[in-house]
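My questions all concern the structure below.
Naming follows writing order (A, B, C, D and E), and every chain is counted from residue 1.
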Amino acid sequence: MPGETSPAPVEIRALGKWYGAFKALDGVNLVLSRGERLVICGPSGSGKSTLIRTVNALESFQEGEIFVEGVRLTRAPETVKAIRLSVGMVFQQFNLFPHLTVLENCALPLRLVRRLPGAAAAERAMAYLEKVRIPEQAAKHPAQLSGGQQQRVAIARALAMEPKLMLFDEPTSALDPEMVKEVLDTLLALAGEGMTMAVVTHEMGFAREFADRVLFMDGGRIIEAAAPTQFFSDPQQARTRAFLRQVLRRD
Amino acid sequence: MIFADNVDQPPLLRRPIVFIPALALLFLALLRADPANWPLLRGVLAAAGLGGVLGNGLAAAAVCVLVGANAYVLLRLPVRWQVAMVWVELTLALAALFVSFDLSYAFIRRKLWILVSIGLVNTLLISAVSIVLAFILAMAGAVAKLSQNGVALGVANFYTSLFRGVPLLMQIYIIYLGLPQIGVVVDAIPAGVAALSLCYGAYMTEIFRGGIESIPRGQWEAARALGLSPGQTLRQVILPQAMGVIIPPTGNQFIAMLKDSSLVSVVGVWELMYLARTQGQSEFRHIEMMLTASMIYWIFSILLELGQARIERFFGRAHAR
Amino acid sequence: SPASRMRPADTFARVRARGVLTVATNAGWQPQGFIDDSGQLAGFDIDVAREIARRLGVKARFQTPDWSVMTGGHWRGRWDLMVGSATPTRARAHVVDFAGVYYYSPYVFVVNRMSTARRRADLDGRRIGVETGTTSEDYIRRHLEIDDPSAPAVVYSVTPGQVRTYANSMMPFDDLRLPAGARLDAVLAPEQTALQAIRSGYPIRVLPGGYAFREPLTVVTDKDDPAWTARIRRVIAAMKADGALRVITLKWYGRDYSS
Amino acid sequence: MIFADNVDQPPLLRRPIVFIPALALLFLALLRADPANWPLLRGVLAAAGLGGVLGNGLAAAAVCVLVGANAYVLLRLPVRWQVAMVWVELTLALAALFVSFDLSYAFIRRKLWILVSIGLVNTLLISAVSIVLAFILAMAGAVAKLSQNGVALGVANFYTSLFRGVPLLMQIYIIYLGLPQIGVVVDAIPAGVAALSLCYGAYMTEIFRGGIESIPRGQWEAARALGLSPGQTLRQVILPQAMGVIIPPTGNQFIAMLKDSSLVSVVGVWELMYLARTQGQSEFRHIEMMLTASMIYWIFSILLELGQARIERFFGRAHAR
Amino acid sequence: MPGETSPAPVEIRALGKWYGAFKALDGVNLVLSRGERLVICGPSGSGKSTLIRTVNALESFQEGEIFVEGVRLTRAPETVKAIRLSVGMVFQQFNLFPHLTVLENCALPLRLVRRLPGAAAAERAMAYLEKVRIPEQAAKHPAQLSGGQQQRVAIARALAMEPKLMLFDEPTSALDPEMVKEVLDTLLALAGEGMTMAVVTHEMGFAREFADRVLFMDGGRIIEAAAPTQFFSDPQQARTRAFLRQVLRRD
């Protein structure tokens, strides 16, 4: 476990972002502590994807500052490279490489970025495919998989890089409840090993089980942030209460 | 249908309602046609003592029966056989057209060896070297055109504009006659290869640029987020996918290059077309030589096409669902 | 072709019916035939063709297809005549008919103005450039076979060290103009072509010592109508006899090339 | 970078460590170069009474200062200006090369009107008609090549193979000289247009096929599931998206067609290149004529390029995130 | 309401489908009655998408028969066309047309297939965009929308065709709980108007609220089919019970 003096994995100060004239993020402040499991929820179009994509330098921003592992995010190539090496990302649309098999999807970055030899890369890739329970699909191409299978490949590909911080954009949207449970267990195990995680999800059950802290966004702002027990049982804001009222009973 | 959809289109031509009127029209057209233009059949009929309108009618009927029977069989074959049959029939028709020129095959036989041993060898040599160089230029050009560096962008823009916009012949002149003006005397073949490479490089730059741009942004984002460098992303993620888009027009360029390489003959290179032209010129046997050269070009184009089909299959293997 | 054999063409009847003689010619050579500054065809070949048409009682109309297209035969009535400075050789006689020589073009050796060559003998063993597929190439390679009994006998001079052939008639001069034998030592070409290049400022000169050879040039007809060819032959003979051809060569060449 | 990633690449050439050695190398190269090849500067120096090694050194230094200053300014401009500057400089360099040929501008002025009023008009006419016909042929060819009908497939295959494989010149011969053999005498311009359309149609068939195949299957499925007919799907859903992929190589074909149309001069059409060639060779001013024709071609290519850029922007407007 | 004699919207008999050597559907029998709201659930890769895609002739099948509105599904163009006109579909990957705006996405098939004039098509398209609460995004292109917004466009596009039968492949995977509730209400209203619907979903809360009947699939077979109350409270099969045990609590 890192000492007290190590910098926060992510620190965001007064972040603002526009798409043209539309303000997608507005004065966002956020500090993630090491090993923290953050869940971001909120209505569709509230800026959740934009927020985590900005941390990874996939979106530019016009106001504020972002620090990742103490490094200030600028447009310098070395900085961006360093930040991306310590941050992993699972995309809402998966973005698998369609020309590679499932195994190659996971092994390619290990070879090119982590500089593992081919056999070691394949071995580690296979280990993570086993973690998400699709080792038998390793030789298929993404187009031959069901939606849930594709999503698990995307998760395995990001995890195999063993980053310090993981960003997940709706990692369970295409998964069935069984699979959600398994991905939850996988992520909890990784958190136990000290990985910091931020997860965008609409799955309130997942949020409750997984989160150290739940963030609620609307209109590009953080409306409420609280521990899950408090968030679900006693939300402070009217907007949050309205949102949670709509959650469907399930069992 | 473009993508196999689970629908069988009705076999239009197999229906009598299409079939019979088509044949009737053919019959009428042939009846009114000038019999001078189908001498073979007419010859047979004349030998049998049939002439005039009756002979014409009989000949037209015979042709219609042949065409009809052919269509009947053709439409009932499996797809592979249909393709093969169509090729055989069209090739025969083309051959018949040329036979009607009464060409001197002796002349062709006499000149064939020169065409192949000197002309074809030079053509293949020049094309092969030029294609490789053009490929490299095109890669560099495409990356420059997509970069945000104004100087690279400007140079690449100017390059593609000039070398696509100016006739290849002029480019050969500039290199062959212009470079000596600044003290560099280049030989014929290097000058030709340089001009061809630059010209085709410019065309292929545009093809590569289009191919790279056609890959969805998400692919680039995923690769960069995983830590791949821009170069790695391009080589390992973007280009392999862009290949599906790049290959068909690049195949075009390869095939066109084979024939455009003939322009280097202006500086005195004895490539295939030059020999065909000059060999024909001295005895006014252009058609013979042109035909021979064309057949040689066609054979090599078909080889290139087969190669292209293989490469497309290789890069298309992930396109299942 | 079998079809044309079936029905022999009557070209003269067609020409008379239309009132037009369709002539295929070249437009690339001054002063034989060229497009003048107003976009009209002019030149020696054009005047000759007009004179032939006049004597047939019709007007001449011109088309300028590529050499290879005109000389392949099988005209199918597209053209009645070709007046384009073609040389009658034995091999060509298999493909088209020759309707009579109408002038003789002299060939000369040309060198760079800085060249040290003074006589034809100085060119032995040197690099000579010629346009390929022409009589100049046949001459320098020593297998010129002219299909014209009236033509003067060919005397071969110069033994070249290397013959360089070019796809058109200008590239040899472009190489010759480069300083001091960069690519070529001499060019064998028609006198008129050489003079034109000199007029245009090329730093070259004609090597003295007379003509290398004189090439007869003939009017060409399609093979499908021997009667027509004979008729044209008579017209050309008449033009030669009454001096009309001499007048036209003097007009365009300043010399009498007609005999 | 290909896709704007939020990274600024370091301005490599702006760093002194790259800048200074590059200039030093240039200086040394110029010192050893033959002064005959940069007469202007040498002339000025000679007039000032400076010659020999000193003059050479001074001239080399002057050039290096010019180049250095130019690079310094260029690298600090905004992207648009960089592009513009590069164009200006390269165009000037090209012009300088041609000035060194000491061309006869009077001749160019005298002939320009003919080239434009007859040659260019014919060239544009033929190219425009041929491109339209080629487009139609290519559409039909691509659909046939992607169909499961063996006869259509066979015909389309044969068509693209033959008309890409055989030199365009030969195709003109076949149409101009071959068709009369079966009783159809075609005029020069129609024959040329037919050959050009067929040839370019074959190339563009391959481009269209590749473009259509590059659209993900899901688009086809969605349109078909909504009830669109195959034709509607192709026209309204697939082709508009395939345009992004089709346009760059099609632009190539348009530009190439402009120049390849010169081949129809073999059947006697007075198009731009033919006039340039004949005008040039009859007075041995072919470099002048070639250059003039090239500039005209280039201007029209640039117009086509600008048109292409517009069309690309139009079809690319949905490519935001 | 149609009379007793009208044919079932969908009848599937002994359906079998292979992908190469892999059997994706195995002896599936299913009858949908008019106005029924069917939910199909099951683990990832169990053949749910394949099943509903087959009904729409998007996948071929090797065994058994399918009848849609009494018409036997063959490979004849007219049959396929007729079936697709009465069946609407929302894809797991949305498959929006990226070159068209959101409004045009919905209006295009109305113009081309339903032969509505341009203005009427745009009006009806807008009405359905309002139903899924994104009228303000009508002028954007799909690439400018968040995941949930895209999914709602896909739903509006299919609904605007007003088919008799709707097939949904995970229509709420990218939606937040509020939006899920709204889509649920929309679908329930449509069901009230007599539309028959089959929905593949992993969202058990949605299944419980929406379904007349819940189908559970595994390994290409239908394991269990029951009314939701029975399905969730008293599943008959061990496999189903194992699956449902994994569903995460949410509130």
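Keep this in mind: a contact is a pair of C-beta atoms (placed from the backbone, for glycine too) under 8 Å apart; a residue touches a chain by one contact, two chains touch by 3 or more.
Since the model is a prediction, treat every value here as computed from it, not as a measurement.
Chains that touch both chain D and chain E: A, B.
Taking the CA centroid of chain A as reference, the farthest chain centroid is that of C.
Interface comparison, B-E versus A-B: the higher number of contacting C-beta pairs is recorded for A-B. Mean C-alpha position of chain A lies 50 Å from that of chain B.
Chain centres here are Cα averages; for chain A and chain D they lie 47 Å apart. In whole angstrom, the spacing between the mean C-alpha positions of chain B and chain C is 36. The set of chain C residues touching two or more other chains comprises 1, 3, 68-69, 72, 74, 168. In chain B, the residues that touch at least two other chains are 5, 9, 36-37, 100-101, 177, 221, 224, 287, 290, 319, 321.
The multi-chain contact residues of chain E, meaning those touching 2 or more other chains, are 58, 93, 144.
Touching pairs of chains, sorted by label, consist of A-B, A-D, A-E, B-C, B-D, B-E, C-D, D-E. The touching residues of chain B, when paired with chain E in their complex, are 5-10.
Taken in their complex, chain D has these residues touching chain E: 218-219, 221-229, 232, 236-237, 240-241, 315, 317-321. Put simply, chain A touches chain B in their complex at residues 56, 58, 81, 84-85, 87-89, 91, 93, 95-100, 108-109, 112-113, 141-144, 157-158, 161.
Within the complex formed with chain C, the chain D residues making contact are 104, 110-111, 114, 117-118, 173, 176-177, 180-181, 185, 188, 265-268, 270, 275, 277-286.
The touching residues of chain C, when paired with chain D in their complex, are 1, 3, 24, 27-30, 34-35, 37-39, 63-66, 68-69, 72, 74, 76-78, 168-170, 173, 196-197, 199-202.
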